[in-house]
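Presented below are the structures under discussion, each in the form of structure tokens.
Next come two complexes built around chain A: one with chain B, the other with chain C.
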Partner chain A sequence: MTQGRLIVGPFNRVEGDLEVHLDLADGAVARARVNAPLYRGFERMLMGRPPSDALTLTPRICGICSISQSAAAARALADAGGHAPAPQGAAMAALIHAVENVSDHLFHFNLFFMPDFTRPVYADRPWHGQAVERFTAQTGGAQRAAIGARAALMHILGLMAGKWPHTLAIQPGGVTRAPGASDKVRILASLTAFRRYLEGTVFGGPLEDFAALSTRDALLGWDRGDAGLFLRIAADLDLDRLGRGAGRYLSFGAYPDAGGHAFAPGIWRDGARAPLDLADMVEDLSHAWMLGPASHPADGQTLPDEDMRADAYSWCKAPRLAGAPMETGALARQVIDGHPLARDLAGGGVLARVAGRLLELARSQAVMEDLARGIDPAAPFMDPAPEVQDGHGVGLVEAARGALGHWVRIEKGRIASYQIVAPTTWNFSPRDAQGQPGPLEAALVGAPVQPGETTPVSVQHIVRSFDPCMVCTVH
Partner chain B sequence: MSEIETFYEVMRRQGITRRSFMKYCSLTAAALGLGPSFVPKIAHAMETKPRTPVIWVHGLECTCCSESFIRSAHPLAKDVVLSMISLDYDDTLMAAAGHQAEAALEDTIQKYRGNYILAVEGNPPLNEDGMFCIVGGKPFVEQLRHAAKDAKAIISWGACASYGCVQAAAPNPTQATPVHKVITDKPIIKVPGCPPIAEVMTGVITYMLTFDRLPELDRQGRPKMFYSQRIHDKCYRRPHFDAGQFVENWDDDYARKGYCLYKMGCKGPTTYNACSTVRWNEGVSFPIQSGHGCIGCSEDGFWDQGGFYDRLTSINAFGVEANADKVGFAAAGAVGAGIAAHIAASALKSAQRKKQENEEV
Partner chain C sequence: MNILWLQASGCGGCTMSLLCAEDPNVIDLLEGAGLRFLWHPALSLETGGEVRALLDRIAMGEVALDILCVEGAIARGPRGTGRFQMLSGTGRSVLDWVRQLAPLARHVVAVGSCAAFGGVTSAGENPSDAAGLQYEGTHRGGVLPAAFRPGGGLPVINIAGCPTHPDWVTETLMLLAQDALGADDLDALARPLFFAQHLVHHGCPKNEFYEYKASATQLCEMGCMMEHLGCVGTQAVGDCNIRPWNGSGSCTRGGYPCISCTAPEFEEPKHAFTETPKVAGIPVGLPSDMPKAWFMALASLSKAATPERLSKNAVADRVEVVPSPRKPNG
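Up next, the complex of A and B:
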């Protein structure tokens, strides 16, 4: 089928449910509509509850980015009370958050993204045999190694956060666990083992060498490890051209510390960086099954349209910044942080997004090692935050998949309003009142569809290059 | 049944040696708390019985159960789940996509009619004809009913499938409904927790696959082998509870000394689960060990019991007992009285301490 319409879904190997409607013309996607078909209503449940309930309920939006939700909730509550966490507590929150983000990147590459290259459609490519051996779903060698390495890395989460997923350790005042000297040694040992895995299996060389790559061409010359296999595939299939973005990026800044952020916040637009300013952010509801006016999340509501009106097509709202859709994620973070390789890849497609994630995987190791080395067991890890009776706050963090914000308003000691805008809410947003498509919808236009394809492989690559988290998208 | 290969054959095909197979059998016995005499029985069962196919479906959920499962320290998770059991259908891990995946689900149901286990993660929302969770263009509740019809048993993974979990929190906007309220004609094993512990999940599934029968269940439908004790019963901080030593504030001196978190809202005394024995993330720790009280995530209704940091009861002597009965669904008289006594003792101690401080000033 190269003309007509195609409904692609359900998608497997993505977190949650997703359906994509495609209009085809001349063997390519002419128009795409993205539907997030899962809604639970967390923002409605939070109304009227004690503010601290957000620390337990919001992480349960998502089983793979629960620490991101937890960190955003803690920060929003701290902000509402004008409170700052204990510096060592903030550092430990950053460390466990980084462990989760790195784990997500690792899983995305090994379990969600790469298995598409084992499909029979690529049987005639020279790299196919190697891809099958490394990445066949559920049995590939790379997948098994990744599962083992990730579980071992997550010992840090066990140690510092009690359990993962759905950690309770992060509080507005810091973390509940004060690591001792022996914990510090164990954390550093886990990180050393993880570095060995990354350098031996994923990159096939020192992480610093990969992080020192500064151009797209240099990147494509990296031929070692599973990253090298991906880059060989990317060059062969020209994945840089597939699913290109608009080059508009957003980052709330990752891992805040006393001196700023490990990865800086900001906006990238028209080839230049601008400071982060959310004053003119709105969530547009024109194509979402949600009622009410377009509003800033500080004033937003979540009122599902149970009639599911015909001119809307998703439960997902459409966040816009100064009227424009924004792409968010590892690539956005690295572009905004100013890494030369990411800047060279800015505006790119599948290659740029996946390489952005690999680059961040390599760079985050040093961030985690620094945080672990900085542990001071004698320092306070919690400066308990007073209960807030009235106030409003915002918690901005960078989840693995990009910018995550919680906006809370507290009245008489109860939550009066709670709005959450997740990374995939930005990336997979539907059209807005001006008819502008969301970033994925725009990236899909032009994707080739071969005759007879019902789950076009190009569409699979583009969708997964964003690493969607659908349960966070609508929540 | 004869066309279904045995477990051992599947393992052989994966290149697993006899030695590894026997090691697997003894680890399985250990994980289930069975003695060494069960090892040959397990081996025999796996050599002769056809493997049990598993279909794993996802409703309204967050995938935390799958996330927990794949990190199990038990070899079953790393090797068996990812290759040998071959989850015949699982939409988070499988290779196929879209219509091909739908067809795989249908094939599995037809091929193993009456013989497969249906593992359900998440639950169906029933409001608006189920439109809040759509899988393949249809409400999830339809997929669930369809797949359940020919299953021999159902595993309800986690608090969502067992009880509703946070998405059923008041006002339950989507009318998220636990599996047993939708499927009423099949044996259902509830494995609650948010998420359940990885080793509990693999333990339950191993037991069912190995012995081809349901594990012994309590009156709520939970496997007794993992849910017969309170977190509190085996908590390493229990001596501090017994001694009336409690954390009063986050990261205070008492917190650093590892005192009991009861006053910080810990729900360990009314929560039935294996966290304090099996622990999390390959046995590294569990929430209480990280300095945060248990929130009781394996108990029905944990999401709507007032604030998560509220003490189980006020210092009222009889409130605990009533509350423990209600939440824990079991007589907790002795412990309840114990809590009351210790709280009283602790209140007395803190009053004494305050008095001393005042005198010093």
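Up next, the complex of A and C:
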């Protein structure tokens, strides 16, 4: 079918529930509508509860971005109380958070994204046999290796966060467990093992060499490891042109420390970086099954439209910054941080998003190693924060998938308002009142659809290149 | 045996936890046990039309379903329609699908406290009117009736936990594959006894502090968290401190309280999660199977007898006073 309409779902190897509606014309997608078909109502669950309950409940929004939610809640509560965490506690929270983000990048590449290249539709491509060997769903060699490496890396979370997902270790005042000298060397040993895996299997060479690539052409020349296999496929299928973005990026900044962030916050538009300013942010509800006016999240509310009115099509609100949809994620972070390779890829499609994630995987190893080496086993890791009675605060973090914000208002020791805007809320937002599509909806336009396809493989590549987290999206 | 895994109204965290299984990893383990996924939302290649075709074949009885695993609570709202979670691409609610598929399976497994009891998805005002498969909180009967039994004869098996420990899931599935899990192997809430016969208290590294009621007052101190910080490990089922999480962890090892995430309605403790409610200075949540008067008597005795080492370390974030065992008689 190259004319007409398609509904794509269940859409798996994305986290959570996703349905994509496509209008086709002349063998390509002419128009896309993205539906997040699950509503749970976390923002409503939190109303009237003690503020600290957000630290227990918000991580449970998402089993894959759990620590990101936890870190955002801790930061929002600290902000509401005007409290600063113990510096070593903040650094440990950053390390714990980085372990989750890196694990998510690893799983996205190996388990969620790459298996699509094993499909029979690519049986005539020269790389197909290798893709099948490495990335066949559940049994491919790369998949088994990634599952093992991630489980071993997460021993750092067993040690410092109790368990993963759904830890309570990150608090407004720091972290709940103070590591000793033996914990520090144990963490470094886990990181060294993870580096060995990344260099041996994923990149096939030193991480610093990959992180030193500075142009798209140099990137496409990287022929080692599973990353090299992906780049060979990307060149053959011209994945740079598939699902291109608008080149408008948002990052809240990752892993803050005393001197700033490991990956800087900011906005990228019209080919230039601007400072992060959220004053002009609104969540538009015109095409969401939500009631009420478009609002800044500090003043927002969550009133589901139980009638699911016909002119809306998703539970997802549509966040806009100064009226524009924004793309967020690893590529956005690396562009805004100023990495030359990411800057060269800015505005790109499937290749740019996946390469942005690989670049960040390589760069994050050094961030984690620095944080681990900086552990001071004699320092306090917590400066306990008193429960806030009245105030409002915002917690901004970078989840694996991009900018995550929590906005809280506390009155008489209870949560009076809690609003969450997750990365995929930005990326997979529906249209706004001006009819502007969300970033995925725009990126899908023009995707080729072959005769007979009911679940177009090009659409799958584009959707998965964003690494959506749908459970976070609506929450 | 084959497994169909559906993600309902939850966070996907039980799948993410399952993938932390080690020795062997979850792929090798299931393969070795003769278990295979017909479809899993995070792991399988099939998407869209391929999945719809599989679901239809199961629904028509063309594919015999051995184990239906459901992760996440089931949304019944708005107004009983289940439309707060449509199974994408099918035009039908997950509520509808689960009610159709559960009777066709030999075994039905609720993975996690949401699927078992409603869990966090049903917290607060329960915005999506979510319930567990065979329980709504502590009440028997969820989206499936209390008397429901799939072909294998067991009730819905409740692998409770938020999230589930990977081994709780893999061991349950392996026991089912060997036909070695019977009704007697489940507790009164249909949780497998192999983990539900233990308390989180068992093996807790804070046990010595507990014995002397040497309590932490802040989340970062080493003492027992029962008196002030909301820990209910003495009343919570789970072998969390016997078999560790992610290598060496558990909630109490991580320095934060057990919130009894394996229990129905843990999401509504009726007080802050990390604060122990007290009446006249006495914690209200004492160990469930110990006479209160005895507990109080023992607690006051042991508090009076607390060694200085424990009273100091309890409120420190690292060991300040090390044990000094007596020298052997020589």
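One rule holds for everything that comes next: the second predicted complex is superposed on the first by the 475 of 475 C-alpha atoms of A that agree within 3 Å, B and C clash if a C-alpha of one lies under 4 Å from a C-alpha of the other, contacts with A are read in each partner's own complex, and residues count from 1 in each chain.
Everything that follows uses one rule, which is that contacts are C-beta pairs under 8 Å (C-beta built on N, C-alpha and C of every residue); 3 or more make two chains touch, one makes a residue touch a chain.
Note that the structure is a prediction, hence the values are computed from the model and not measured.
The superposed arrangement places chain B and chain C in clashing positions on chain A. In the superposition on chain A, A:Arg5 makes contact with neither chain B nor chain C. Legend: residue contacts after superposition of the two complexes on their common chain; A:Arg241 is shown touching neither chain B nor chain C. Of the two partner chains placed around the shared chain by superposition, neither chain B nor chain C is touched by A:Arg309. When the two complexes are overlaid on their common chain A, residue A:Thr455 makes contact with chain B and with chain C alike.
With both structures placed on the common chain, the touch criterion links A:Leu18 to chain C but leaves chain B unconnected. Across the superposed pair, chain B and chain C both touch chain A at residues 7-13, 15-17, 19, 37-41, 44-45, 49-50, 52-53, 55-57, 60-64, 66, 111, 115, 118, 136-139, 143-144, 147-148, 150-152, 154-155, 157-169, 171, 173-178, 304, 306, 308, 315, 380-382, 384, 454-455, 460, 471. If you check the complex, the residues on chain A that touch chain B are 7-13, 15-17, 19, 37-42, 44-45, 49-50, 52-53, 55-57, 60-64, 66, 86, 89, 111, 115, 118, 136-139, 143-144, 147-148, 150-152, 154-155, 157-169, 171, 173-178, 304, 306, 308, 315, 380-382, 384, 454-455, 460, 471. Interface residues of chain B facing chain A in the complex, by the touch rule stated above, are 58, 60-68, 70-71, 73, 78, 82-83, 86-87, 91-102, 125, 127-128, 131-137, 165-167, 169-174, 176, 194-195, 249-251, 255-256, 275, 279-282, 284-292, 295, 297, 303, 307-309. Against chain C, in their complex, chain A makes its touches with residues 7-13, 15-19, 35, 37-41, 44-50, 52-53, 55-57, 60-64, 66, 107, 111-112, 115-116, 118-119, 136-139, 143-144, 147-148, 150-152, 154-155, 157-169, 171, 173-178, 180, 304, 306, 308, 315, 380-382, 384, 387, 454-455, 460, 471. On chain C, the positions that touch chain A within their shared complex are 7, 9-17, 19-22, 25-28, 31, 37, 39-52, 75, 77-79, 83-90, 120-121, 123-128, 130, 162-163, 218-220, 240, 244-257, 259, 261, 267, 271-275, 317-318.
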